[in-house]
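Read from first to last, the chains carry the letters A, B, C, D, E and F; within each, the first residue is number 1.
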Amino acid sequence: MQRPSGRQPEQLRPIRITRNYTKHAEGSVLVEFGDTKVICTASAQAGVPGFLKGQGKGWLTAEYGMLPRSTGTRMDREAARGKQNGRTVEIQRLIGRSLRAAVDLNSLGENTIHIDCDVIQADGGTRTASITGAWVALADAIDHLKSKGLVTGEPLKRAIASVSVGIYQGVPVLDLDYPEDSAADTDMNVVMGNDGGIIEIQGTAEAEPFTEAEFQSMLALAKQGIAELHQLQQQSLQR
Amino acid sequence: MQRPSGRQPEQLRPIRITRNYTKHAEGSVLVEFGDTKVICTASAQAGVPGFLKGQGKGWLTAEYGMLPRSTGTRMDREAARGKQNGRTVEIQRLIGRSLRAAVDLNSLGENTIHIDCDVIQADGGTRTASITGAWVALADAIDHLKSKGLVTGEPLKRAIASVSVGIYQGVPVLDLDYPEDSAADTDMNVVMGNDGGIIEIQGTAEAEPFTEAEFQSMLALAKQGIAELHQLQQQSLQR
Amino acid sequence: MQRPSGRQPEQLRPIRITRNYTKHAEGSVLVEFGDTKVICTASAQAGVPGFLKGQGKGWLTAEYGMLPRSTGTRMDREAARGKQNGRTVEIQRLIGRSLRAAVDLNSLGENTIHIDCDVIQADGGTRTASITGAWVALADAIDHLKSKGLVTGEPLKRAIASVSVGIYQGVPVLDLDYPEDSAADTDMNVVMGNDGGIIEIQGTAEAEPFTEAEFQSMLALAKQGIAELHQLQQQSLQR
Amino acid sequence: MQRPSGRQPEQLRPIRITRNYTKHAEGSVLVEFGDTKVICTASAQAGVPGFLKGQGKGWLTAEYGMLPRSTGTRMDREAARGKQNGRTVEIQRLIGRSLRAAVDLNSLGENTIHIDCDVIQADGGTRTASITGAWVALADAIDHLKSKGLVTGEPLKRAIASVSVGIYQGVPVLDLDYPEDSAADTDMNVVMGNDGGIIEIQGTAEAEPFTEAEFQSMLALAKQGIAELHQLQQQSLQR
Amino acid sequence: MQRPSGRQPEQLRPIRITRNYTKHAEGSVLVEFGDTKVICTASAQAGVPGFLKGQGKGWLTAEYGMLPRSTGTRMDREAARGKQNGRTVEIQRLIGRSLRAAVDLNSLGENTIHIDCDVIQADGGTRTASITGAWVALADAIDHLKSKGLVTGEPLKRAIASVSVGIYQGVPVLDLDYPEDSAADTDMNVVMGNDGGIIEIQGTAEAEPFTEAEFQSMLALAKQGIAELHQLQQQSLQR
Amino acid sequence: MQRPSGRQPEQLRPIRITRNYTKHAEGSVLVEFGDTKVICTASAQAGVPGFLKGQGKGWLTAEYGMLPRSTGTRMDREAARGKQNGRTVEIQRLIGRSLRAAVDLNSLGENTIHIDCDVIQADGGTRTASITGAWVALADAIDHLKSKGLVTGEPLKRAIASVSVGIYQGVPVLDLDYPEDSAADTDMNVVMGNDGGIIEIQGTAEAEPFTEAEFQSMLALAKQGIAELHQLQQQSLQR
């Protein structure tokens, strides 16, 4: 088996995390997993949605989008069509759930953090890149709140990163790019904390069911890849 | 640990599968997982969506809904609000993917099967009940197509069933009802074929990450529960 | 003239009213007019819409829907299409107006009752079955409010029932089923109180206008049918 | 009993029908029932909707709207809100059904007639004025089609007119204006052909049910008023 | 060069401004620029939108629509399609901006004026006719507020009028009608105050860019035409 | 008068045009006017919309969007809200009209070019930066079509660039940034071809009307600025 990119099965694509990518957001990151490029911003705002008011705790929510020509063929602009499609909704719910696991909402106070992940170039793995990059933006936004004295405790409970794994031509591989993703038998996205805990596992058989053995080997690959991503996140925060 | 229902950790709720529940659909099933009740219909229709035309293969798609008062508090009617919410979209995509794994779309010919899962009473596990019941409706709809000579081969590749598992008060439990679901630390939905293959795993940590050990014990419970469900599906088809 | 069902012109279909059909709603009824089956729930909720606030009176509103495969051919799901169609809107307005005539909104206090009528199987007369069944659900919901002490007077002013009448092959007939409805020259829906008062008359000529004589004979049939329905409603409440 | 306008109970408001009110439409009428003013256009267009193609018959459909400030208090613009409200939908369906009863769709050939009724000033009875005026616009549009040789037979089967009747302070009155309409116990709209046939009856009890006797007296008033309207329609066509 | 209408290049169409055209609005004008006819109403309402509350100043906003058959070919009804099209949005924003330049929002107090411009017959120049007519409606509405004592100062700062100019067959012409507009190389809409100030200039090259010289000659024509329109506005207010 | 940025009145911000910014689109440009950054892509696609089919000519259309946190305060995501706002619609129509003036649609053949301008960071002048950058993307996309032999003639008629001008503290200034834009008395956007022709002028008085003299000085500034932009466009194409 030869991966289209020439990578080893357990090899991540080149990962780049650029902080302060745009100037307005409290946290703003360009994350690159190879040719997949996503702008992740974290916007901190005083107040919480109605259903949480007066409880002294915060909220985090996420939205996801793709520029119409981030892909090989131009997609319809969702704003013009008046509707987010099912895939978009599914992904932004995953991003929101995953990043809420990074935050102690009680320590956040009555503040809301909006995560926006906008794909400017897609080459597979946009949701895992989004989660990984958005966590760095989130860390910056929380730092901002702390430096302004708007938050006193430490709302950031753990680091969160995510990677995809799959079975490509019978072999478990890490961090699928688009050519692999579209040919893979099975695709799994894993989100984990830097404490080794599992936040979310979403595995989908594309054509044929996968076995438990395959599942175990994919999970092992994911753990290793996420550990590397956590290191890269920490390095980016120290720059 | 005492489950609210008094069940053993590895015990399913009483499961009932009533075929031919309504008269118009090619397959129509009322599935009950305890107090969770879902009407699942499979509608067979000649023709396929535009993107598949002329390829000689079929299509299967699924939609999901809840009656406004299927729940403890009345929910807004999605048709009146003009929008399906994110949870609905996520669930109907899961149902569609899962049941497509049951079907050989090539053998189906240019026919489309619409799966509709409408929850008339909710008590946890509506998506797993939907998948389990919809497979029986699907089997009936395919039988209908075969008996009419509209399909010649055997499009039904395998049986599909689904169950939820979770960690409730520190103990892995099978088939969570609503009181358990809303208190669980972790919730996982597993879809498997009767050949033991995994179709879909979706595990979500609600508050704290879960460990691999917890994951393994949940997966073991799910396998056992799904095996029972496959038996119940077969029994219902023989009635 | 022979009715497709073999019924006499003045004969209702077998009517069944099953109370407490689902467990969450304050009133929950499965109503069956022959093969037409509708789940009617009445949900009581504290508070009223903005335009009524502070007036000390209540509100009642109704929504109607059909499961996509309640009919011979699958209909689009309105929630997925993002819009209720004209027929749906017309019917739910009729249901709401009719049931408001059953209630003394002043005695109801600042409570809102939501009526939901969801057709699970359609065979003609879904709107008249909805009104007839929803009244029983309404009576149960009001009983609930009284038993909880949330309402002190008697908001239920009268019983309301509804039936369709039409001219089928030149003969006035009661309670049209789908084969009759689709072939009828004229279709009329009548809603009356158990005090003999007329709440709503909606008569429509399908192809040719109808005469006053035809109208009178249809109205007479409707009165008789509604009287029977009122008896069946009372019997169901005594079970 | 004194009507706010000083009219006799059986007296119509001053009715004016102005043909060729705007220049583009094949039929264009300004109809005035007192201070209620509606622009009714009939647009003839080659072709029919998909569900009728190839059957050699035509179609007629109607839409209704109110200018935002046609009423005492400004209403939201439906185009800006993105949705027609329930009342609008109900009225335009009534207009469409009523005018289809005027037309032999087989003689119309594969042509579609769009009726548009736009209220520029409202003072009660906008739907009955719309039907009455739109019929004249329809007659002109059909004449246009005949004069162009696009239609050979006679698609216009009969004249259609409509009026409202109600019980105001206990007395049956004809053609309610807004002050009467908002105070009436009962409101009924009747559509009839000039051959005396009934096309549509819609009677609604606002607060208390109405009796059969009241119904009969209202129906008698409506017949007389519609006969007058048919005369006025004919006169306008001869000008 | 011969204009289709036989007008001189610098000649306006016959302009008519009819005040009090409908009875409910505080200001109501039918404005006619030749065969272009627009109903302009100004509705005064106590209160302002949320973003202005408590600042003691008022607001003015505008909406625009066309009756479906105001044009040669019937257009879709925007309310039925559920969306205003881009041209509508662009025009109503222009009308709103232009008329806000006529008003001292501080003197208006916390009142909102809604301008509605509804085209009942279109023959080119609907936006310029709308602005010109709406200003007269606005003046009447402000007079109404002053006569009721709801406004004490003078919110009306200046008169506003608008006209189109273009290059038709190489010649600058004033106030284009539809045949000219659809054949013109360049189309420019100018809004000016009666103090000679420019409120808005929107010039668009349809096929080929225009030169500065052409621009200057068009601007000169517009100034002259707007001066005439200001006179006609004043005359209409003195009637 | 001191500009917030310290620029001279007639001085552009630093302009950067980066071609091939993303990999999928036929033309892809990051354009920067100071801190305003817009990704402009031009996507070439075989075929034209229905209304142009069979005429042998092409089409160009444009859409515009802003990332939610491209601005100082997070804006709602239009895709999630289900609607593009009025400003968005107005801008994308301007971009489309402007770039159509650059193209000979007959030479383009039955191909469609979609322009997408997505603002990733906003600091005033997003529409003028969009037009200027999108023209370079368009040039690349047309080159792509020519190199593939999909277009034989030369569809690119001229270069198009755009800049804003305004009166800031009484002085005409070129290329307003956000602090200037929000404080300016008058704002004008000018689009011109490199042949000196005017494509579009949109001038708006924010509070007080502007004089012709002010207009002339702004137009002169715009001409000079656009000439510089045309040079920068040409330089970027030669890299």
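Just so we're on the same page, a contact is a pair of C-beta atoms (placed from the backbone, for glycine too) under 8 Å apart; a residue touches a chain by one contact, two chains touch by 3 or more.
No experiment lies behind these values; they were computed from the predicted model shown.
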{"item": "Any chain in contact with chain A as well as chain C", "value": "B"}
{"item": "Both-way neighbours, i.e. chains that touch chain C and touch chain B", "value": "none"}
{"item": "Where chain D and chain E are represented by their mean Cα positions, the distance between them in whole Å", "value": "32"}
{"item": "Between chain B and chain E, centroid-to-centroid distance (C-alpha), Å", "value": "58"}
{"item": "Rounded Å distance, chain B centre to chain D centre (Cα mean)", "value": "50"}
{"item": "Euclidean distance of C-alpha centroids - chain A vs chain B, Å", "value": "28"}
{"item": "Overlap residues in chain E, where contacts from two or more other chains coincide", "value": "82-83"}
{"item": "Chain A residues touching chain F - in the complex, by the definition given at the top", "value": "22-25, 28, 35, 37, 39, 41, 43, 45, 63, 65, 67-72, 74, 77-80, 82-84, 88, 114, 116, 118, 120-122"}
{"item": "Footprint of chain D on chain C - complex, ascending", "value": "86-87, 89-90, 92-93, 97, 101, 158, 188, 192-193, 195-205, 207-212, 215, 219"}
